[in-house]
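Chain naming follows the written order as A, B, C and D, and within any one chain the residues start at number 1.
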Amino acid sequence: MSGLLWPGDHRAGDHFSDDEVVRCMLRVETAWLAALSDAGVAPTAAAVDLEQVAETIDPAKLAIEAEAGGNPVIPLLAAVRGALGEHPEAAHWVHRGLTSQDTLDTALVLALRGCADAVLESIDRQVEALAALADEHRHAVLAGRTLTQHAVPITFGLKAAQWLSGVLDARDDVREARARLPAQFGGAAGTLAGPDLLLRLTDAHGDAIALARSAAARVGLPWSPPWHTTRAPITRAGDALTRSTDAWGRIARDVLVLARPEIAELAEPVEVGRGGSSTMPHKVNPVLSVLIRRAALTAPALAAQLHLAATEFVDERADGAWHVEWQALATLGRHTLTAAAQTAELLAGLHVDTGRMARLVASAGTALLAEERNLAGHIGRDDDVDDDPAHYLGSSDAIIDTILERAGSGGTP
Amino acid sequence: MSGLLWPGDHRAGDHFSDDEVVRCMLRVETAWLAALSDAGVAPTAAAVDLEQVAETIDPAKLAIEAEAGGNPVIPLLAAVRGALGEHPEAAHWVHRGLTSQDTLDTALVLALRGCADAVLESIDRQVEALAALADEHRHAVLAGRTLTQHAVPITFGLKAAQWLSGVLDARDDVREARARLPAQFGGAAGTLAGPDLLLRLTDAHGDAIALARSAAARVGLPWSPPWHTTRAPITRAGDALTRSTDAWGRIARDVLVLARPEIAELAEPVEVGRGGSSTMPHKVNPVLSVLIRRAALTAPALAAQLHLAATEFVDERADGAWHVEWQALATLGRHTLTAAAQTAELLAGLHVDTGRMARLVASAGTALLAEERNLAGHIGRDDDVDDDPAHYLGSSDAIIDTILERAGSGGTP
Amino acid sequence: MSGLLWPGDHRAGDHFSDDEVVRCMLRVETAWLAALSDAGVAPTAAAVDLEQVAETIDPAKLAIEAEAGGNPVIPLLAAVRGALGEHPEAAHWVHRGLTSQDTLDTALVLALRGCADAVLESIDRQVEALAALADEHRHAVLAGRTLTQHAVPITFGLKAAQWLSGVLDARDDVREARARLPAQFGGAAGTLAGPDLLLRLTDAHGDAIALARSAAARVGLPWSPPWHTTRAPITRAGDALTRSTDAWGRIARDVLVLARPEIAELAEPVEVGRGGSSTMPHKVNPVLSVLIRRAALTAPALAAQLHLAATEFVDERADGAWHVEWQALATLGRHTLTAAAQTAELLAGLHVDTGRMARLVASAGTALLAEERNLAGHIGRDDDVDDDPAHYLGSSDAIIDTILERAGSGGTP
Amino acid sequence: MSGLLWPGDHRAGDHFSDDEVVRCMLRVETAWLAALSDAGVAPTAAAVDLEQVAETIDPAKLAIEAEAGGNPVIPLLAAVRGALGEHPEAAHWVHRGLTSQDTLDTALVLALRGCADAVLESIDRQVEALAALADEHRHAVLAGRTLTQHAVPITFGLKAAQWLSGVLDARDDVREARARLPAQFGGAAGTLAGPDLLLRLTDAHGDAIALARSAAARVGLPWSPPWHTTRAPITRAGDALTRSTDAWGRIARDVLVLARPEIAELAEPVEVGRGGSSTMPHKVNPVLSVLIRRAALTAPALAAQLHLAATEFVDERADGAWHVEWQALATLGRHTLTAAAQTAELLAGLHVDTGRMARLVASAGTALLAEERNLAGHIGRDDDVDDDPAHYLGSSDAIIDTILERAGSGGTP
């Protein structure tokens, strides 16, 4: 991940870092060892916690070695076995019955779950900020704009509620996609033949599906029939993350318009050192919105890569499509996390200049009431309307309430 | 829609045709007239069924006139008013209180709902065919292939069950996206100010939201807070349609591999005249799979256009993004419908050559059992495995059953 | 093509219509017949002009029949043979030695060439309008804006010159892509084995490559080694068209910002009936820019489909990728043509309010000169700068001249 | 860059790494200092080589600080000034007159040029390998395949020549895109007002454009009118890189088909440790092709992001689009470099089993000659064709020669 070329990337923390992916893979192998041991296939001594060897693993070295087999699991296993000198049973049994895709898919699902949780935390903060904005400014009239031109009056509360509505859609979908992330334990071609053989030869208890369920439970995931080649869990997650950046980018684009100096109804939160220019000391650039918008313009193509990959999962393991997913997913995840945090910060500190909104409404004159006059004239009641934009707001208040109610009833994931 | 350059397009029937879009817009305006009349805003005489004037409307003429205002609603209204000579009240009241986006969004939602229903019908046929294939061939052993190379044995039943699993994922998502399609009735800037004014000035009953709900109910849709600028209903539908083509394309790619003459485990259903070549009379090309795959390679970019549009919904109506959606949605819808029908036909008539599968397994020799021998050797039980690939199928049967059970419990949307 | 959902589509005229594609295919087959006859393979009587039967061909019927073989050439040939009752020799010889892909690729190249010519005509008009704007307004000072905020002064002439620069880049690339469009005459698998056989068996003169060159020349195209599976001619054309919409969309986005009522430095050309609203009679929406922007947001994904197709051209004819190209190319072509014409019209009639620009510069106060003061202060020469933004324009004039010179030296394609 | 999730990434070396981007930015600032000094604006003492401070710069720290201003130039300058304690004149003059986009655009162009050079080196190796394959195997007959089915005979030499043809198209375009990369020196809003002011106030010689040209020459690039908002240099480079991955992915897909065990006409070069499986010791997976294909499926969406960005360059510096380019460009560059090296290795060691090709041709029987028989029969000469596929190869040899000639005449960039 090149933070230099993706300013704000540090906000994504360790999510989808090489270190985290290694740790997630180790957790998956640990769970499998424990399940093998618990079922009586492997001896108790095999059930060690592999995360203890994490510090002996050099992800940069793994990355280079990963090319030979086309994935990082193979060199990881070599490294793990090498590091397990004191645990020969674990070295003997690690990964037995699994396939690389089991390990990596489940590891990426774990990383994705962590990412989704962090996104949802940011969304909670956004929802809180937006609900406050919607409520506080429910009577702040500003010009509604369509196709860039003044249309009819709205309130800033309504605009904030609309922003909120998009964020709530995203929250629904991220939650749901997160809830539908399964572990992957299927064996070489999705038949669980390896685990089944091990169970039979060792006269262990339970069947292979039970063994897979047991391992899945140890990493806190449901098991599902092997999905080596049916990738809805991945594309759904990608779509949900993109639904999030869609919502945030739409907010950012509004802020970018309304923070233009000629409009100046909104301003980004001021923080020392932010928004500066390399050459123009007076400038305060709306940097958060710029960076959020960047993520939003980028995400759809990444999610589309996941779909393209999904439809190319030929055979029992794809000839390139699986490999497409990894970086697309990690990049999309990190971009989304960055934008999530930036949006939360933007909304929490957004400066709303209601005075300026009112002045622009005043200077817009009767344009904002043209529809009202037109409708009234249409039914011969021209005289029954006045010239106060605050009287032509329709159901804005009730719409705000409806959206606020939805926000409040969201519960926890 | 250019069927010449999208062979099979006729399978999409009238969905998203200009004629259908016009009819859907007329249904929306009809519903609004009825709601206005029912609320006491407009006289009873205004509540006419506008579909009666559909035949007087020339979509080709509308299409040309649509450029001036940037959307087809404006010229449609002019044409409707012109055609309503015998219904002056209807001409007077049509569209009052609405905005172009209300009419077109709701019309496209209606078209989308029809499209989703037709897709789900095809999916039902696919599910039936796949369930039969999975069950019938649950013991037909063939070579599992990963990264194009022979891996371990599977059964064709399991492969069909995996295909089914992808289709069931698509079914879930198309159903859900369909269920979450709302009507759009929000007025010029989403405040319902126009409808509210009309209700007030005419002392009619109910509020603007009730009026909007009433109109929505008349086209069989739920009302939601105006979503002029929050486009999750659209992107969700696009994602679900793409999840469908993902699943079908993945099947098609398998068929294209397995129908190669050197493999020849599968063949497309034979129909007189299909699959021919312009110059090589002997050829029987897997045309259905080719065309399905074409749709699957195309869909992700179209769904991504919808996401890109979604994040560009600035202001109270976007400055170009809304306009992006229309053709992207229609194209994606028609492509999906075509591929849906082609996939249903492919699966219903798929020729499965289990004898050929068995012969290839036999000629693969011990390669398919290398994992088994490796695992057995690993625990010193080499002698306890035999050389019959049919004995190394793990939980294939149980996995098939799990997926079949899911297929059966699907219920209706 | 659904003009209703792509307002302005009629501007693309007949380009890439079903009728045109049919005519182009007939021109290709005509050229081949003539070449066969000229070489002495076919009798003179076979060399008929097949466009004469165009009117007997029903594209809608062809479109339906095209599904069986997966492309429109097969049913076209059946229809042509059926219509050639009076020309049995032509019916006998039509298409002999060719493959469907020869006919359709060359036909699409012909359509693409016509499209490129029409785009270049619009570009010429744009160049003329932009050069005039750049020259006329080279001293009209307005606020330069970066990251939406006021930066330093520029002139509108410079902005127009920058727009022009983008259009000139597009002109270069469309011209070059057009010049590199080859005919496709390769036979079933790109070996020209069929034509070679016919030449040998009939003791005709010349070799198969000469025959192919002869046919290519008859449709005014160079011949190149068969490019059935190497698609740079197609992706280059797609990239060049997208480079055009990139340039126009960037102009449109500027217009959309600068035509906002709070800025109002630019306005779209006024035409009766354009820019109207279905409900707000006062509005004049910047419809041209909205529609241009729509095309610009859409084109990159279509060009990407062509690249994706290009990399999937497996075997000697692809298993779906070729089929992806057709509609993507036609859609991209028509969208580009529409946007080309709209941009030409926008620029020819653009209203530039230099007074408004000056007033906004004045009201921006010293912000626009902060860089100047900062630089001067930095070297202790604060007193040597004045407060006139017109004195801080650097090399704007010379830059304009450089770009104008490039525009003028363009020559003809 | 996460090599763990993009196996083979180390092949891209330092290109587009944070370290390299920092160095490139320092080279740009160094060139500017030298130009300022040379023109007499800054004292001679200011003209220091800033790369000497590179080792004091921590890219990870810069990356974090880059968020505040939205780009890495601002914190870089702070760090540079801090590190220039012994060079107060350099600290004083560094970056004066420039804008962040000048520095970063030119730096990325330098990185891109280095990337293009490395890609072209790999392409040279590919061309060499492909030319050898085409020539060596010009008489090796194999089955031509269209839509996955046997068509007519071809030679492997012709297939290799077709692969070569695609690579030569890529070579043309990468060379041309590289040649058209300009430096960016335009100042805050592309007017060169800052440099112009400095020249005037210090009575230095030359004008601002001459100064910009001088700086550009010092980094070996041509100067062009500021292209802050006209991004053809970037999109052209992206398109050319994608044209490369298109060509390589098409080769990889052929290898993946022809290396299937049931076909086995080709095999990847064997190297100890490559292609292994985590669980199936017998497998030799075609890993290079899998990884090349992965890059090819990914590139079009990245290039499309660059186009999307290009059309969003509003104002004198964009509100997010510029920021989109950086990581898209770096990712596309690194992916292309990786795939370039992998393709060169694949082709240099490709195992061609001409015996297997001949056996498959034999087993295909008369199918491969159906076209020949059909054509001969059509003109009543059935008896004049024999059953040897080697006699039905048309102009394959001449086509190979034409492509080889093009390869040889390539010259150097």
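One rule holds for everything that comes next: a contact is a pair of C-beta atoms (placed from the backbone, for glycine too) under 8 Å apart; a residue touches a chain by one contact, two chains touch by 3 or more.
Predicted model only: the values in this text are computed from it and were never measured.
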| item | value |
| --- | --- |
| Per Cα centroids, the chain farthest from chain A | C |
| Cα-centroid distance, chain A relative to chain C, in whole angstrom | 37 |
| CA centroid of chain A to CA centroid of chain B, Å | 25 |
| For chain C, residues that touch 2 or more chains besides their own | 70, 97, 99, 145-148, 151-152, 187-188, 194, 256-257, 277, 279-280, 285-287, 290, 293, 296-297, 301, 304-305, 308, 312, 319, 371 |
| Graph class of chain-chain contacts, one of line, ring, star, complete, other | complete |
| Complex contact set, residues of chain B against chain A | 70, 92, 96-97, 99, 144-148, 151-154, 158-159, 161-162, 165-166, 169-170, 173, 187-198, 201-202, 207-209, 225-232, 235-236, 239, 242-243, 245-250, 253-254, 257, 293, 296-297, 299-301, 303-305, 307-308, 310-319, 371-372, 375-376, 378-379, 381, 384-385, 392-396, 398-399, 402-403 |
| Complex contact set, residues of chain D against chain A | 1-11, 16-18, 21-22, 59-60, 62-64, 66-74, 77, 95, 97-100, 103, 187-188, 194, 252, 256, 271, 273-280, 285-287, 289-294, 296-298, 301-302, 304-305, 308-309, 312, 319-321, 323-324, 326-328, 330-331 |
| Touching residues on chain C, where the partner in the complex is chain A | 145-152, 256-257, 259-263, 277, 279-287, 290, 301, 304, 308, 360, 364, 367, 370-371, 374 |
